[in-house]
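After this come two complexes, each holding chain A, first together with chain B and then together with chain C.
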Partner chain A sequence: MTRALAHKLLQLLPVLVLVTVATTALVDLMPGSPGRAILGPDASPEAVAALDAQHGFDDPLPQRYLSWLGHALTGDLGSSVSNRQPVTDLIGERLPVTFEIALLALLLSVAVAVPLALWVAARPGGLADRVVSALTSATLSIPSFAVALVLAYLLAVNTHVFPVSGWVPFEDSPADNLRHVALPVFSLALAEIPIFVRILRGDLLTVLRQDFILTARTKGFSTPHVLLRHALRPASPSLVTLAGLAAGRLIGGTVIIESLFALPGLGNLATQAIYGKDLPVIQGVVLVVALSYVAVNALVDLLNSAIDPRTRTA
Partner chain B sequence: MSDQSTMASAVSAALAAPADLAGTAVPDDSAGAAASVVTKGRRTRAGRRIGVGGCLAVGWLGLLVVAAVTAQWLPLDDYDTLVGDPGVAPFADWSHPLGTDGIGRDALSRLVYGARASLVVSVGAAALGLLVGGLIGVLAGYLRGWVEAVVDVLANTLLAFPPLIMLLALASVVSPTLWTLAAGLALLAVPPSVRLAKANVASAARREYVLVAEALGARRRRVVARELIPNVVPPLVSFAFVGMAALIVAEGSLSFLGLGIPPPSPSWGGMIAAGKDDLADHPAFVFVPCAAMFLTVLALNTMADLLGRRLDVRESML
Partner chain C sequence: MAALADTAVVGASAPPGEPLLRVSGLTVDIPTPRGPLRALDDVSFELAPHRTLGLVGESGSGKSMLVRTIMGISPARSTVTGSVRFDGVELTSLPRRAARSYWGRRIAMVFQDPTTSLNPVLTVGRQLTEATRAHLGLGRARATERAVELLDLVSIPEPRRRLRQYPHELSGGMRQRVTIAMALACDPDLLIADEATTALDVTVQKQILDLIAGIQRERGLALILVSHDLGVVAGRTDDIAVLYGGRVAERASTRVLFAGHRHPYSQALLAAVPRLDRPAGAAPRTIPGTPPDLVLAPPGCRFAPRCPSAEDDCHRAAPAPRPGADPTHAYACLHPIPTTKAERR
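Take a look at the complex of A and B:
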């Protein structure tokens, strides 16, 4: 088990290296020097050269990468070009916000999708199945920022059920914190729920046609018992895989939602860094996102082998 | 599977899984829904019917394409000229059917010219991404060995970038034009196309007709061109619609963040971004382009479902 995990992580190592190399190479794609891009056309050539030298932007790519990697391995991701704060501090401040939203969105999606899928899979082709199928088809086609705007219009602007934007830390006031994350979490979950429902429904229908389900039914178990205790577990690996991919996507992909609801999360940090061409920060954010992608991938494998012993490898 | 990484298998499971859904996507297929989920390839008459939804989807896409192509000959106001009061509501004044925007430009005209930008970018990006990704996937699936290993690592690397962060990072160094946008978005379409093509070729490459072609002395290039590529085209075409839908949303997201098609050229995402601060007073600024984007994405997804059921292929999500 541990060996399989170590093997897996070893395979993911090249991905991490390539992602970080590619981010380092962004500097070379820039027309002109980064110092010029950051300071603007009015800055003196001396100031531009000083900034380039200070952050090592004028070194060749291999040297830049090795120096960044050396520092990164000791936990130093450099400092922001714009406000000189250490990148690790900036990320440390923002990560909990994004993490909370992503986790809540994921939990909400699973909590809604699993019962819904079980309900429609019990009677495929029935009225509920057709209604849910039409609804998932439609929701799948709404961009998440459109969902967010509709929700904001209905629940915040018009009826003031939730605040329009902003953030209150959980430590300050748990209730206010939850009120502020509600709309972003709903918007994100609404994009994931249809995918989860469809995948689990399909897998459940496949499982429900197998012999052991017939056996369970002939033993006289009720439909809920058969669905929950016999069918759900063998039908869940795809859902777990997809939920894992969604988790990776949510940690890096809440950019729009964070910008729309003015949440101080990782996505917000990324957009700010990109507007300001703050390369060390961009690099740090990409590293965190890639690391979470790798971690989630390993976690999904572990979970799937816990669910289905047949996928365990020696 | 032994020579593939487990992650690749996990992701291909995710790729393969929506195949079960292809048959369940359209609600009017209720009777066959259960059966088609299980027996995937059962081609019933009902499964081949296009249905009302399909007609509407084709109609909307056709209208959109015609409007976008013929925009300059249509009796529309110029998209960058002030033609009336700001904030005229839709359907209030028939010389501006969809009203005007925040500074008084015709909303219908901006919507149509925005459609042109969205379509050019997403069709161009999907075509480029699918062509490049498909070809790489075919070669990796046929040649296997180190080619496949390298392609796998590269595809995983591209997938490890969250799409929007990758586009934003590119936008920070390259100034956005229609062409750079299409190229950046094409990069998003490459890894899923590679996986899709590779998965389809891997099974086709072991079939008898490939063996026969090889035994008859066909060169590799001929085997790829004549025997393998025809296997890959139908699923890629079906995937192209899903891809375009995802790319339209991605382009909208970029424009929404102010990093897409630069103003004053209209784009749907740009219209939404410009209108979002007036949400309370003028919801139409936001909801008209949102509706256009929703209908287009829905139509493209419906097309992909229809084609997918006809061709019995797997679909994937970007």
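Take a look at the complex of A and C:
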């Protein structure tokens, strides 16, 4: 098992290299030089040259990459061009926010989707199935920022159940923290739930047609027992894979939701860095997102081999 | 063969005279886009404790549907009419919750293909212990001991190691032994083997059939052996019911059925069994035509379109069962095969 995991991680190493090389190469794709882009058209050529030299923007790509890699391996991702703060500090501040929201959104999605899928799969074509199917297609067609706006309007602006925006760290006040993450988490989960329900429902129906389900039923077990103990596990690999993809997406791509609710997360940091042409920060964020994807992927593989013994390599 | 044919019924908890299982007028309709499919049509038979019944017929004859309906797993939207009485209790109208104390506990079933009938993601141990834990209330340790006994009973070596294995780690024959052990877990009174050896190769087939026969003798089970192959049920059953198109074509004690069958379909089935004692070059005969379409089937005998002795009246109405010379014998045919050796004997 440990060897399989190590093997998997080794396979994912090229992905990380590729992604970071590509972000380092961004400098070469910029019109003019990064220094010019950062300082603006009015800056003196000397100032631009000084900034380029200071951050090594004018070095050739292999040298830039190796130098960045060397520092990155020692835990130094450089410092922000705009405010000179170390990139690791900037990311360290933002990461807990994004991780918390992503994790809660994912947990909520699974917690809602799994019972819902089990419920409708018990009677395919029944009333519950048809209602849920209609609801999921409706929800699927609404983008999460629209949901977020409606939720914010109804629950924050109008009724003040939840704060409109802002952030309170969990350590300061757990209750306030949860109140602040509630709306972003709902909006994000609402986009994932319909997909999860549909995938799991479909896989459950496939599994429920299998002979071993008949075996379980002839052993005299109730429908809930058959669904939970016999059908759910063999039906869940697609859901786990999908949830892994969603986790990666939630960590890297919650820019809109973070902006809407003014959350100091990774997405917000990335947006600011892109506007400010803050290359070291962009590169740091990309690295963290790529790392998360890789880690989640390895976790998905582990989970799936735990779920289905047939996929285990001896 | 059929040594027990006329011995008295022993040891049932049902009132005297009541068989362990009595199926009467069982009819199952399954809705299809073209109309209702009559999968079973007025099927009746009885099974006394400790006896073995063979259910024989081609694919689509309704034999699997019949045992699945007895097990309470007929297709979701099908309508079941008629009666299935087990030990004096009507199973078809029993509330689902109460019925569960029969299925798995007193009636158990072994399916055709052990590759698909075992849950691939659960260990053998889990699948062997869940019924005894749920139905008999055994604790984990006691249930595990019971599972080891069961694997021993079906002659699986190293039972303790097997409990930790998954189905895909076992051979086909081994898997079928596990499903048999599973079926026996709660000490049922009736075991149904639905083509239990069809998916296995011939040598393993015989081992499994012998195993089932041995267990039946030892434990005094009643047994229903479902097969498309008369050869499989020949030496192993007391009685045989031949099904065709969802109806019972003929039933009799095994001896009578082989020696004095009257239904042309039974005759055709017998001719299709490969035999070593036939002269060289005499190949088994196939039955011409295909099984009937059971959606909006025409009136009359289901076998008539393929029957060599069919006449006009065969197409008009379903023939009612007629008694044969032997008290166990009944056949549904208007133009039966003339009396043969059985009655000339």
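Going forward, the second predicted complex is superposed on the first by the 314 of 314 C-alpha atoms of A that agree within 3 Å, B and C clash if a C-alpha of one lies under 4 Å from a C-alpha of the other, contacts with A are read in each partner's own complex, and residues count from 1 in each chain.
Rule of thumb we're sticking to: a residue touches a chain if its C-beta (ideal position, glycine included) is under 8 Å from a C-beta of that chain, and two chains touch if they have at least 3 such contacts.
What you see is a predicted model; the values in this text were computed from it and never measured.
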Request  = Considering only touches as defined above, state whether A:221 meets chain B (first), chain C (second), both or neither.
outcome  = second
Query = With the two structures laid over each other on chain A, which partner does A:230 touch: chain B (first), chain C (second), both, or neither?
reply = second
Request  = Look at the residues of chain A and decide whether chain B or chain C touches more of them.
outcome  = B
Inquiry  = Output check: A:160 vs chain B and chain C. Expected answer is one of first, second, both, neither. What do you get?
reply    = neither
Query = Looking at the overlay, what does A:238 touch: chain B (first), chain C (second), both, or neither?
reply = first
Ask   = Who does A:309 touch here: chain B (first), chain C (second), both, or neither?
value = second
Request  = Once the structures are superposed on A, label A:84 by its partner contacts, choosing first (chain B), second (chain C), both or neither.
outcome  = neither
Request  = Would you check which partner chain A:210 touches, where first means chain B only, second means chain C only, and both and neither mean what they say?
outcome  = second
Key: chain C partner contacts - residues on chain A that touch it in the complex   = 210-212, 214-222, 225, 229-230, 233-234, 307-310
Query = Quick one: in the complex, what on chain A touches chain B?
reply = 4, 8, 11-12, 14-16, 18-19, 22-23, 26-27, 29-31, 124-126, 129-131, 133-134, 137-138, 140-143, 145-146, 149-150, 152-153, 157-158, 195, 198-199, 201-203, 205-206, 209, 237-238, 241-242, 244-245, 248-249, 251-253, 255-256, 259-260, 270-271, 274-275, 277, 282, 285-286, 289-290, 293-294, 297, 300-301, 304, 313
Complex contacts: residues of chain B adjacent to chain A = 5-7, 10-11, 13-14, 17-18, 20-21, 24-27, 30-31, 33-34, 37-38, 153-154, 156-157, 159-165, 168-174, 245, 249, 252-253, 256-257, 259, 272, 276, 279-280, 283, 286-287, 290, 293-294, 297-298, 301-302, 305, 317
Inquiry  = Which stretch or stretches of chain C touch chain A in the complex?
reply    = 68, 71-73, 96-97, 100-105, 108-109, 111-113, 116-122, 130-131, 134-135, 166, 168, 179, 182
